[in-house]
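Take a look at this one; I'll ask things after.
Letters A, B, C and D mark the chains as written, and numbering starts fresh at 1 in each.
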């Protein structure tokens, strides 16, 4: 039961061949928040893989675990942790935004406002975390 | 997607051949309404130069008339009378009766198909006032227009398309019909006559030609407002179908009657529905006067369109126009309130905001008449069968919608009667075509090389390396038509336009088509469309020159009165002699056809 | 050639014209292997539309420039294109709303096969549309010669999604649709929504089932590009959210 | 005369293989997300903010936490929720950017495999963890170990 047409039969199993490129789409808050959400999600995922493995070293020996976890305490890794926490915090807050947008029509209408709230909360959280963490990392 | 529908397509000398019982040209309201009737009953194809949902039926705003009497007393007889009076008695009254009577079913059909009409508090289809629709033969305005906000046409187009999808109608989208194939057959009485045997179409995507052999052909190609500059019509309304039929030597009826809608956005022509005035909006001149009170004391701003348009032009001509150049009047909706505007007239509110930067909630909107609707077209009888003269039917050929002239609109169409027309007569065309093809007729054999004419036409155009720009000729045509053949006409102005057109026809032979490619060559198609525009403008002007009276949409300054004695008849224009000569009188023959009068004798038209 | 009176008589400063540069992404399948950018200078007025600019180019400079258009006032859905990186209708985008100190970029919508210049193959788009059964299905026979009754509130429930003109601005702005073109896309969901929430329709469940598919509503990542792009102001993402919830509930 | 096949738009193949997991995946992402906010933030707070933060983390610290079933369950729950959440998210991304075919199958297989392995590994580690392994230097162990 569908209208038929005689033009350009598409073969849906095979994705359409797109001509490359064009300019970057200038999406707004919704699109960029999703891009960030996706990037942070992937980053966290890969960190999580590593983090499970390194934590599993506790089962090998205290020395092995401490050796690896020691590298987490170097200044470079300290900065990396800032990035990681930044990613997690954004992903978490934005994840909550996405959930609200999904289930609450006010939020669907005001997703842009919520996006800026996410950014604000992120800044606040990071202001709480970063100085404290860097003090820990760079002390002694 | 059933297999018994399986189409065999063959290619001969690069031309694709198809066979269908019924071929419908045009996928606007009329075409799709016909398809919904035809599809289930016969093997049907719809050819459209646009994707169906792009058709200009979607632009219609205000409503569709039917005496449902959902909100106040009404009857189809009153509707018939209004239609006849609105058309200044040039209406064929048998057709008007059918229109008004079948209106009720037409609206109900659409509702049952899913059309989301606005509702009354008790859940019935809501109705609003519209110009020229009255209770009890002109006593007072009546609520007769069924509507869906100011998107009635959009909803009709979508609903019809949805039902075509449901029925699995076969569409050939972006195929331009360019010729009707006629075959000489034995008429049975020793003579021969022309019978339609198919359609030739140009596939935009590939540049290839297709011949659709058919037992019945239905034209539903819409209007030709693009002969004018200021118009509510789409760029694609170039009158191809009417032009094709004309070039086949079939007559065109009442071509001088073109409707100018009073409220187009000034300078742009984008339409603001009469529904606005139906909801209470008021026309004012520069001094804020409600000038329609002077011209039509009983129904004021809701007088029929020809009258309102004329009054507006007169106000401006007499120096009472608004704006820096005093060249428009104002449509005042401010007293309606944001609520009514946002819920009942949301689209036109947005048009005014977007295109003029004027917010109708706070400011009156600059408006001027805009070329809107062709009352004339391909003559048909009430069965939607095309006529080759005043009475003779061309078997198997049908026309419906704006391209046809039944004539239910006479010299001036009432608002909301066109959406009705496309549904009532679209349905009739489809139904009668099915009956015809199932009555045992066979395919009429195609002549040798049926696509020959089109191929030659396109080759000439594609190979043309002239010096004239298509757009320049078209612009001049449109500008001149606006000046000489618009709301007011005189023999002088018409003579001048005729001369200009003759010159343009000469220049058309020397045009340049820059795009030489095959795929999506819209440049080439614009050249073809310009040819149709020139042909039709010529007929419009010739018919207008010939009608030395003022009636409905045709206002002759030099003959300001209606002259029933001489002109109470339809104009019939025939192509005769050299089609390609530039001089209209060489190839246009004008004749008359009597008006069918059943129960309403012509009276003076006062509101 | 006669010029329109508007241009010659008007002294208003607001109607002064200026030159605008358009960068258009051209592609002629018969000649080009790859799309290319071409620039055009056009005299424009502030109140002109981008569509007017395309027409001026086609009609005065290069007749081979190809694009679709019909109504010229935003109701037919022919001319969705990417203008300065965002999906817009050319006929609803006014020059005054663009920054004309920089060139204006115009290119075809993304994610559908490019056919020529600004024209894409719309067939995959309509195929998705057809698949959601976008038509009223009501088995109960209405009283002969009468409309089905529907309250004002029931009618209002799906009003927003009846406005769709199938322009594809939404679907071709959706990052998920760009990835493989298999996602049903917002337009199809909008048109399903129109019937799912129509009190007269009886087959909402079937449509919900169709959209509860691998390529259905769950692929939407709420990026809101569709809502931003919709020239009819339809709250597309909200409609999608409502369909998601209807699927979760199992009923509209 | 060439005969061309009837040109028609083929319908999307409707391969409804098995149960449709998309809906449940979607629900899971949201449900787990909400719980994860608490779990992850709690985890980060305790590990990075309290006391000396990251500097304080060592075998003894971990041992100290996992001696308490509360933290054991906390971390296992977080492990399961986050890993499945992340893996499902990655699956979405893989479906988005690869076409159905071998590459996609390999990537999804790898995701599935690593997820299962890490879930099992992580769970075993948490529950079979011995905070006071015999023979380890006492200063590395939590303070409650007899050796310490």
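Just so it is clear, a residue touches a chain if its C-beta (ideal position, glycine included) is under 8 Å from a C-beta of that chain, and two chains touch if they have at least 3 such contacts.
Every value quoted in this text rests on a predicted model; they were computed, and no experiment measured them.
Engineer: Averaging the CA atoms per chain, pick out the one whose centre lands closest to the mean of every protein CA shown.
Structural biologist: Of the chains present, the most centrally placed is C.
Engineer: Which pair wins on C-beta contacts, C-D or B-C?
Structural biologist: Looking at C-D and B-C side by side, B-C shows more C-beta contacts.
Engineer: Mind checking the centre-to-centre distance between chain B and chain D? Centres are C-alpha means, answer in whole Å.
Structural biologist: 65
Engineer: Distance-wise, how many Å sit between the C-alpha centres of chain C and chain D, to the nearest whole number?
Structural biologist: Whole-Å distance between the two chain centres: 40.
Engineer: Starting from the mean Cα coordinates of chain A and chain B, work out the distance between those two points in Å.
Structural biologist: 57
Engineer: CA centre of chain B versus CA centre of chain C: separation in Å?
Structural biologist: 26
Engineer: Give the residues of chain A touching no fewer than two other chains, as numbers and ranges.
Structural biologist: 1-10, 12, 15, 38, 98, 102
Engineer: Give me the residues of chain B that touch two or more other chains.
Structural biologist: Where chain B meets two or more other chains at a single residue, that happens at 1, 7, 165-166, 205.
Engineer: At which residue positions does chain D touch at least two other chains?
Structural biologist: Residues 7-9, 11-12, 99 of chain D each touch two or more of the other chains.
Engineer: Which bits of chain A are touching chain D when the two form their complex?
Structural biologist: So the residues of chain A touching chain D come out as 2, 4-7, 9-13, 15, 38, 41-42, 44-45, 48-49, 52-53, 55-56, 58-59, 61-63, 65-66, 69-70, 72-73, 78, 81, 85, 88, 92, 95-96, 98-99, 102, 129, 132-133, 136-137, 139.
Engineer: Looking at the complex, which residues from chain C come into contact with chain B?
Structural biologist: 1-2, 4, 6, 9-12, 28-31, 47, 55, 58-60, 62-64, 66-78, 92, 94, 115-117, 119, 122, 126, 129-130, 133-136, 142, 145-152, 154-155, 158-159, 162-166, 195, 198, 200-201
Engineer: Please output the residues of chain D touching chain A within their complex, sorted ascending.
Structural biologist: Those in contact with chain A are residues 7-13, 30, 33-34, 36-37, 40-41, 44, 48-49, 52-55, 57-60, 62-63, 79, 82-83, 86-87, 89-90, 93, 99-100, 114, 118, 121-122, 124-125, 128-129, 133, 136-137, 140-141.
Engineer: Touching residues of chain D toward chain C in the complex: what are they?
Structural biologist: 9, 11-12, 14-16, 20, 22-23, 25-27, 96-97, 99
Engineer: Residues of chain B touching chain C in their complex?
Structural biologist: Touch list, chain B to chain C: 50-51, 53-56, 58-59, 104-105, 107-108, 111-114, 116-125, 148-149, 151, 154-155, 158, 162-163, 165-166, 205, 229, 234-236, 267, 270, 324-325, 347, 351, 354-357, 469-472, 475-476, 479-480, 512-523.
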